[in-house]
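Okay, got some structures for you below.
Both complexes shown next keep subunit A, but they swap its partner, so subunit B is in the first and subunit C is in the second.
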Partner chain A sequence: MKRLFLLMFFLNILFAVNAQKYITKNGYIGFYSHTSMEDIKGDNNQVVGALDISTGELVFQALIKSFHFDRALMEEHFNENYMESDKIPKSVFKGKITNLSAVDFSKSGTYDITVEGDLTIHDVTNKISTKGTIEVVSGGINANSKFKIVPEDYKVTIPGVVRDKVDKTVEVTVTMKYTPMTTK
Partner chain B sequence: MKLYIKISLFVVLVVAVSGFLYALMLYNQKHTDTAKAKPDFVITSTVLQKEFEDNEKAASSKYINKILEVTGNILSVTPVDSAKTNISLNTGNNVSSVICTFPVLDHSKIKIGEEITLRGECSGFTQLFPGEPPLDVLINNCSKVPKR
Partner chain C sequence: MRRISLAFFLGLISTVIFAQDDLMNILDKNSTNEINYTTATFKSTRVLNGHSIERMVKGQLDVRISHRFGTLNTGGYNFFGLDQSNIHLGLEYGILNWLMVGVGRSEYEKTFDGFAKFSILRQSSGAKNMPVSVSAVTSIALRTLKFPDQTRTNYFTSRLAYVAQILVARKISQGLSVQLTPSYLHRNLVATELDPNDIFALGAGARLKLTKRISFNGEYYYIANPKTYLSQQIYNPLSLGFDIETGGHVFQLFFTNSLGMTEKQFIGATTGQWKKGDIHFGFNISRVFTLKSHRKPSNS
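And then the complex of A and B:
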């Protein structure tokens, strides 16, 4: 009986901790760059992400090979020439909401947030800071952000022939629809 | 005009035109049609996820970039944009799954809990917390395989 209580006690802690964590496996990260020839757009709908609402910690992981382009050739070049996805399969973001007190997770609504953290692309890590929103909805939390990065900061080298045609910055869009993490 | 000049001009022209056509063909190349492609591996979602969990290096070099025909029970159906749908397949271990993105999908015959067979390209796996579950295997460019 004592053991049972102990077990229940620990299970309770487990659930209490997990209630603070929200996850998604169907998150979206896309990027867009305008060029004089044509626009470059890649979409990834298989991003995993977690948000801890007690600490404001955020983490995303995106597989490079899961970025999809309309043109098969563009997808091939992206993987083989620019991102070297066989060697470096993932991109990761680890960061924190810096104004967590501005968000009331118990009340539906949209809240402006600032996120700071480390973005790792192509094995190069840079500090980034961006604005975004947290949307508290019934049954979950949505997070949205849009920011710009410079591929050269991540040692993604664009060959001379196309360099002038590719915009120096790339716009990144993040859309996450989190649900509470459950342990079955 | 001398004959050899004519011939060389003709050769140059042929090379230029075929080069241009080849470049155009490459540029307009379509994605692999997984509905028609022959699978490299036929596997269940449970076995596939377990192989990645047991030895991610071996499974990565075996499956990534290959066309897989995967059978599993549908855990969830998530429309991700106006056309695309993600289907998660059960792997029997509660937290991990095989996540499959369909560019287009007819939802009328898709039911949670039912078995589905699909064909797609394996992109690898994601694991948010290294060494800890969940570890999800990702399949892209999926098409549904009709029941035989």
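And then the complex of A and C:
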């Protein structure tokens, strides 16, 4: 009986530790593309993201309409002509930190990580792999990454008139400031 | 003892269930329900001749050049109207996200015009449900053509006409938008005593998207007053054509029986008839410049 009790006790602790999840509701995803006519830059500060530090799994999702541009017309074109945000309202990333052992979540510091996963934009899913950093700070975890994607891989078509003037790749910046998830 | 271990067992079950809570579910639970504003009900601030509920947001300048050529029925000698051309130039600016103003000049009767457009309601879904977008337009037209009779006393106010419109639009689907536009026109001076100073009209407009960047537009104004005057016979203006969007420009190419390009002119002075071939080819070119960002600087 006592042994069973101990077993339960340790299992309980184990699962409690396992359930260490971090979330953010105002993560940042931005993208930037240079063209000879004008630079295209969109920012979204309302990205929701979650990170499970026990498994290294991380996910985030961004509403397309929450990307904002300096030029209202560009924002309209982004939603109407390129991303079709009424039909496809969000983009999602589901992935995993592949070198989780390199990160010591109990110690403050910056750790280099590699993330692999499925990026779904415009209803098209592609596998991506990118480098980034995990910053363990007091009261939370920051995750940063910068990578390039090709819009055509996601069936985001750029019209012939401007195709030659637009950079084929778009640089994506991800900055998440996670805080521990509080359970109710 | 048994009770304690039962408590731990239940605790264990709950933590196990919690641990299995998929990260995606966590995201869904934490996603806030946002207001989803409808965008691009129309591609331009005009359906074709008349205003649409679209606006220039704060800091955006719209430079507009519009032409209406002569009528198709003038035949090959006039190159089906292209030999003649009437022009309207406009500068329009978004002062606030709900207020835009514009000034313009028409060759027709050497008219200056100015307007203010107020965006009152925006169609939205999600956290706030609003079935339609509503705007109000007030405009004033100043005719500077010399008075035909220089011997009588001519007042400055005689040159003025005013228009008030309520615009109610709904983007029914991704491809179809419609608008109703009750309009009121007051002219301080008309050609004869029997011409009405006040004209009431109901406009109807629609946009049907053909491709991502091309749409078919139609616009009709029903004039509620009698249309036969001593001085002239007027008709309901009907315009049919296309919106073509290329990056920063919107081109509107269409056919219309109205020569005038502002409300005062196309509501009150459309003398052409479609069935007789009094059809003008016309275009509007709109080029939008961003003078100031419409949003607060982001934190990145």
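Methods note: the second predicted complex is superposed on the first by the 165 of 184 C-alpha atoms of A that agree within 3 Å, B and C clash if a C-alpha of one lies under 4 Å from a C-alpha of the other, contacts with A are read in each partner's own complex, and residues count from 1 in each chain.
The definition used in the following text is that contacts are C-beta pairs under 8 Å (C-beta built on N, C-alpha and C of every residue); 3 or more make two chains touch, one makes a residue touch a chain.
Remember, it's a predicted structure, so these values are computed and weren't measured experimentally.
Colleague: Sharing subunit A, do subunit B and subunit C clash or fit in the superposition?
Modeller: clash
Colleague: Touching A:I128 in the superposition: subunit B (first), subunit C (second), both, neither?
Modeller: So A:I128 meets neither subunit B nor subunit C here.
Colleague: Of the partners subunit B and subunit C, which touch A:V136 in the superposed model: first, second, both, neither?
Modeller: Neither partner.
Colleague: After superposing on the shared chain, does subunit C or subunit B touch more subunit A residues?
Modeller: C
Colleague: So, A:D52: does it touch subunit B (first), subunit C (second), both, or neither?
Modeller: So A:D52 only meets subunit C here.
Colleague: Quick one: is A:L100 in contact with subunit B, with subunit C, with both, or with neither? Answer first, second, both or neither.
Modeller: After superposition on chain A, A:L100 lies in contact with neither partner.
Colleague: For A:I88, using the defined touch cut-off, is the partner it touches subunit B, subunit C, both, or neither? Pick first, second, both or neither.
Modeller: Once the two structures are laid over each other on A, A:I88 reaches no partner at all.
Colleague: Let me test your reading of the model: by the given contact rule, A:P159 touches which partner, first (subunit B), second (subunit C), both or neither?
Modeller: Once the two structures are laid over each other on A, A:P159 reaches subunit C alone.
Colleague: Quick check on my understanding: which residues of subunit A belong to both its subunit B contact set and its subunit C contact set?
Modeller: Shared contact residues on subunit A (touching subunit B in one complex, subunit C in the other): 23, 25, 28, 43, 45-46, 48-50, 59, 61, 63, 65-66, 68, 71-73, 86, 89, 183.
Colleague: For the complex, which residues does subunit A have touching subunit C?
Modeller: Touch list, subunit A to subunit C: 1, 4-5, 8-9, 11-12, 15-16, 18-19, 21, 23, 25, 28, 30, 37, 43, 45-46, 48-50, 52, 57-61, 63, 65-66, 68, 70-73, 76-77, 79-81, 86-87, 89, 94, 159, 161-162, 173, 175, 181, 183.
Colleague: Quick check: in the complex, which residue numbers of subunit C touch subunit A?
Modeller: Checking each residue of subunit C against subunit A gives 1-2, 4-5, 8-9, 11-12, 15-16, 18-19, 23-24, 26-27, 30-32, 34, 36-37, 39-40, 57, 60, 174, 212-213, 245-248, 288, 290, 293-295, 298-300.
Colleague: Per the contact definition, I'd like the list of subunit B residues that touch subunit A in the complex.
Modeller: 26-32, 60, 64-65, 78, 80-81, 84, 86, 88, 94-95, 97, 99, 101, 103, 123-128, 134, 136, 138, 140-141
Colleague: Would you tell me which residues of subunit A are touching subunit B in their complex?
Modeller: So the residues of subunit A in touch with subunit B come to 23, 25-26, 28, 43, 45-50, 59, 61-63, 65-66, 68, 71-73, 75, 86, 89-90, 183-184.
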